[in-house]
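The chains carry the letters A, B, C and D, assigned in the order they are written, with residues numbered from 1 in each.
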Amino acid sequence: MTTPIAALGRPLRLGVVGGGPGSFIGPIHRAAALLDRRFDIVAGVLSSDAERCRSAAAALGFAGYNSVPAMLADARLDAVAIMTPNDRHTEECCAALAAGVDVICDKPLANSLADARTIADAARGHVFCLTHAYTAYPMIRQARAMVEAGVIGELRAVQVEYLQAGMSGPVEQGELTPKLRWKLDATRSGPSLVLGDIGTHAHHLACYVANRRLTRLSADLGAIVPGREVDDYAAILLRLDGGIRGTLIASQALAGTENSITLRIYGATGHIEWTHIRNNHLTLALQGRPVQTLARGDADLLPPAQRLLRIARGHPEGLTEAFANLYRDAAEAIASRITGLPADPLALDFPTAEAGVAGMAFLEAALTSRARDGAWVEVG
Amino acid sequence: MTTPIAALGRPLRLGVVGGGPGSFIGPIHRAAALLDRRFDIVAGVLSSDAERCRSAAAALGFAGYNSVPAMLADARLDAVAIMTPNDRHTEECCAALAAGVDVICDKPLANSLADARTIADAARGHVFCLTHAYTAYPMIRQARAMVEAGVIGELRAVQVEYLQAGMSGPVEQGELTPKLRWKLDATRSGPSLVLGDIGTHAHHLACYVANRRLTRLSADLGAIVPGREVDDYAAILLRLDGGIRGTLIASQALAGTENSITLRIYGATGHIEWTHIRNNHLTLALQGRPVQTLARGDADLLPPAQRLLRIARGHPEGLTEAFANLYRDAAEAIASRITGLPADPLALDFPTAEAGVAGMAFLEAALTSRARDGAWVEVG
Amino acid sequence: MTTPIAALGRPLRLGVVGGGPGSFIGPIHRAAALLDRRFDIVAGVLSSDAERCRSAAAALGFAGYNSVPAMLADARLDAVAIMTPNDRHTEECCAALAAGVDVICDKPLANSLADARTIADAARGHVFCLTHAYTAYPMIRQARAMVEAGVIGELRAVQVEYLQAGMSGPVEQGELTPKLRWKLDATRSGPSLVLGDIGTHAHHLACYVANRRLTRLSADLGAIVPGREVDDYAAILLRLDGGIRGTLIASQALAGTENSITLRIYGATGHIEWTHIRNNHLTLALQGRPVQTLARGDADLLPPAQRLLRIARGHPEGLTEAFANLYRDAAEAIASRITGLPADPLALDFPTAEAGVAGMAFLEAALTSRARDGAWVEVG
Amino acid sequence: MTTPIAALGRPLRLGVVGGGPGSFIGPIHRAAALLDRRFDIVAGVLSSDAERCRSAAAALGFAGYNSVPAMLADARLDAVAIMTPNDRHTEECCAALAAGVDVICDKPLANSLADARTIADAARGHVFCLTHAYTAYPMIRQARAMVEAGVIGELRAVQVEYLQAGMSGPVEQGELTPKLRWKLDATRSGPSLVLGDIGTHAHHLACYVANRRLTRLSADLGAIVPGREVDDYAAILLRLDGGIRGTLIASQALAGTENSITLRIYGATGHIEWTHIRNNHLTLALQGRPVQTLARGDADLLPPAQRLLRIARGHPEGLTEAFANLYRDAAEAIASRITGLPADPLALDFPTAEAGVAGMAFLEAALTSRARDGAWVEVG
């Protein structure tokens, strides 16, 4: 059977927004988009300065525009990939969607639940991929599929952590990099830096693997570095659908930590554990049996993990491949929209604007809980 | 200079209370007491049935008594070691202390803060060692000394977990072992099983290493196994002295877990991490420098860790040695009391009845927070 | 200063030889070539069947040729990347080099020392990159630089292992995949399968990091799976330049193993250890000090590692990036040849045909030692 | 049924030889002997100086003698435990055995194969336990039982390493500790220090778990620290019964190493791996299935491991318990000899004088191979 991509017979035309010189995330998005050759990056808005944008884009091999509307009007795009500061997402996403162009957007979706809902409304009927790339690791897909298959029994509890060190020092007092400048400006990075930046990742990871929505929370939220005006620490008590208990800890100010993401999901008969630093493996501990370490490439992984296999077992993959998995599946969905041919259903398990709405609902509920001295709050 | 132990010139006479046939903790206490030959176990109350007690004690090589008063009256003890169910501690501790006999007692100290205070009052002027054995691991002593020395800078946050699996199944429905029978009976095991059983360990571990008191908390406390009437799950948001934030997670119902205890203490310039399964090592991660793995036996450990070295670096020690460290130091203190010679100050860093009072204050504050739907509560 | 790549102002034109449908290594080479956008893959010889080649190439987006000469004659290439079975390398490399086209070639370089020398002779004055990709991991470059800088003192010993499981079963008795078919045919895979396939990797890895040549060896070489006619096991005692002792263990028949590559280099004052499964880290154990775990992205890595950083610390990279590091540096060298501008000296530390010659000298010495019942043999 | 120990109704009377003040191994032996209360240490020869011996013994709570004959004549012993330098073992073992006293002896059994055979001859009909304590770890017993049960299929290969750092520096140039003094004196420590000291441990470990005898070897043996006159490095190619291939690497001069012992046994369908630093666990990797980590205390361990369980799963045990396992089983055997009651067959799986003979045969074969420039040599 012909796949949408094969039927299309050409790479998709992608425009990028943001990720210019000095960006951390820009090169990852571009490498991911190109890795499977399903996209050509043909255009980009890398700066609002026309000349700077042109030269940066030229160096990267595509056409530069100094505004999203200009690019949308001119570049005959199939999709845009948006990796600007959070406060730009709503306008840029809506512009693209209004122009009939599908969207791949970095997280968090927006800086408010209202904005997120605006985007989600606009995205209806379009392909929209929110790049929570951690849930595109094969072993995370395996974890989700195992939970779904009942391998660990009825769910009992979840624990998720996202720990970083980048803001453990008094970064406000040094010279600010462009990235730090917008992050430390709450009008750009949103009402809770730690939650927007990494808390939404942790929230999405737990909900995605458990396949449950967050329903209530009680949050301890603030700054652990003296004098800091943005949040750098969150410890949140959770309830997921069905009354499942959980905890979420996120901080960017834990000195000595190495971008540590850990997820544990406990069921009646066992638990699974995954940690970013060993992304190619997954621990399965069934009560009363030896702990098992599943590896990417193992013969009996479930289909959602198996299909993502790129390099054979024992040859490590990294974040680039995880990001590329999202781009590859988004390409399948976009090609399906264009050609009208059905997409592989397993390819459609990427986070959409709805995941972004859920993330902002989580964030706003945490703010409300803080405002009420940690009271339990329903999540919108 | 003559040490108290050397001056005494004989092993201390120890009587044990509890830990009879089938007990988990009894053999550990007895092996720990004997390992350094500072105690002779000369008497014990292993059962209230006179005949059963006599035969059990005979098999272990000491004299059996069917009550604590009987043993105290007859056995010329220097100390008793109490390892009965929690609800017996107050009466037994007070009886021994009233008889002028020093006490080594298993945790939790009691089943209420009031009882704990009664014991602590009675213990004034006596040697009292509460066997929070995890804080007697050499690398935990190293961690505490490093925090004290400022190695990781001003404290920022603590995270402590104590995760077990023993009650992840529907244990209430099977035949109850004697141990399970008293644990599942709240009149014996206290008002919150998970907190008394392992939560107090986690609380003590965090406070001991951080060298800070817990001041406030907000608790999520309950049972995650359907139909269970005792608590098997606790997730608690913490504030330590000076406003240090933290989290404590404890559960006995997390299927597949292997008695996992993990502590992380974060400071302004780095953090330390210790996990029970690798008790002979300690991770030190200083911001901007390679992560270091300190090992028991390393040349430059600080004195509180160095003095506990038994077997050379690279030869693993386990829980028996940790317990024995408490007994050895308690022996030093007891011999000091008897001989009047000063004890090595480093030997006096074991948990006392005051640690037990702190543990019960923690437990009762958590109960109060639960009763108030998770509100922040001051810790007595 | 203008770099050769910038001065060139266009991607290099690359033709691929081998790596057609079903190939394990083909997709890795192609992804690596494209990741940094310094190459365009414009042509390929994927099959000797003209039609099959054309369609396979078309599906991958480049022009198909049914022979290397045809491609060389027509495709205006700057370089070819050769990933055919070993027995094809000599002819294909020499054809390209004779046509003035630089070569990137998979290992082992050839199936005999004589052939390897033929290629190395032909490669003189050209760019030639042998894709021992494991030595292009950043932390391996760090290891080499640290050894060079004397961090672990004068060298004492090396230990290297390459352990696989793919041939632990009786693969000869099942249906052979194309890859297995040529590997099990000694006329194609060479006189010692295990040494050609993975032993040369282990040899190169040890010599590259130690920065020493192998001088003597004593080999135990054979098959551990009963009835097997090709070698699947090698255990070799080593002497490197200066009398450094070592061991090399390689096998493809160790059931349950996950492509495990481990290197340890010992010096007078410490050692380093690296293992493939944790490619983003490197262990440094200095005598009398805590063991250190260096991470890709650490602030104070040495320049040869620092320059390879792609994604920030804590975001795992994998084999694709290691391969791409070779391609990127080969591109620098090729562009330097074309433009006449000097290449970054740090970019020229990739394995060349000389490494391939060393690998075949190692392999033939091992064969000689086997023929002499394990006697010590000088390496060519 | 009455056990020999129960029937005996008293602790066994043990005399110790060696292990005086400053000894590394003395405290371990004594703690191990006492842990299970099956032995009383009633006498000891800690020094040939009568006064020093008396005071050292008194401090440890037993009677001091200044010679083995004197102790044997006077102390009514059931057994002696010998932990003197190797060159004393033959005389001391034979004296005890001639006196009808059973022997527990540290390794290596002797300094020559001839002496080892003399002891083994004398030991016939007596209980003789050689304290290769590493094979008394529960998870090593589990490994042996699993190999025996065919869990990993027909054996294919073994790899064993014993790596230490204590002699990585120029220890000869400093002030020698008593321990170093006799170790550096080949007339006392034997003809190959590294093999006697740790090589015999590695040899025993591999042969014990594989349950195979070593038949042939080819050895690379010498010193890697310049100027050293005793061996500190051994890399040995092995053949076990049935032609099983293997490697053994042992060195005391690998800077930065932490007493690292690793064993891997490969079979047709999987392998097992154990490493000393994680003695409470065992890796089982079956081809095509997730890697399993078995833990001491797991419900389904095989009887030889299950019976050694002391503390519940998740509570680490260490070297003291491993040593104590040997003493406990030796006690069972000794009590059986005294009472005439049958011992538990599972208790009789400890290393005897025959294991010591095998160790010396291994050592002498390695010396022969070295003398023949690494030729393959039959093991006596």
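We take it that a residue touches a chain if its C-beta (ideal position, glycine included) is under 8 Å from a C-beta of that chain, and two chains touch if they have at least 3 such contacts.
None of these values were measured; they are calculated from a predicted model.
Among the other chains, D has the CA centre that is most remote from the centre of subunit A.
Contact tally for B-D versus A-D: the pair with more C-beta pairs in contact is B-D. Computed from the mean C-alpha positions, the centre of subunit A lies at a distance of 43 Å from the centre of subunit B. Distance from the subunit B centre to the subunit D centre is 34 Å, each centre being the mean of its Cα atoms.
Chain centres here are Cα averages; for subunit A and subunit D they lie 54 Å apart.
The set of subunit B residues touching two or more other chains comprises 258, 284, 291, 295.
Listed in rising order, the residues of subunit C touching subunit D in the complex are 152-153, 156-157, 159, 165, 168-169, 218, 220, 222, 224-225, 233, 235, 237, 245-247, 249, 251, 253-258, 266-271, 284-287, 291, 373-376.
Of all residues in subunit B, those touching subunit D in their complex are 11, 24, 27-28, 31, 34-35, 37, 60-61, 164, 258-260, 276-280, 295, 310-321.
Across the complex, subunit D meets subunit A through its residues 284, 288-295, 298-300.
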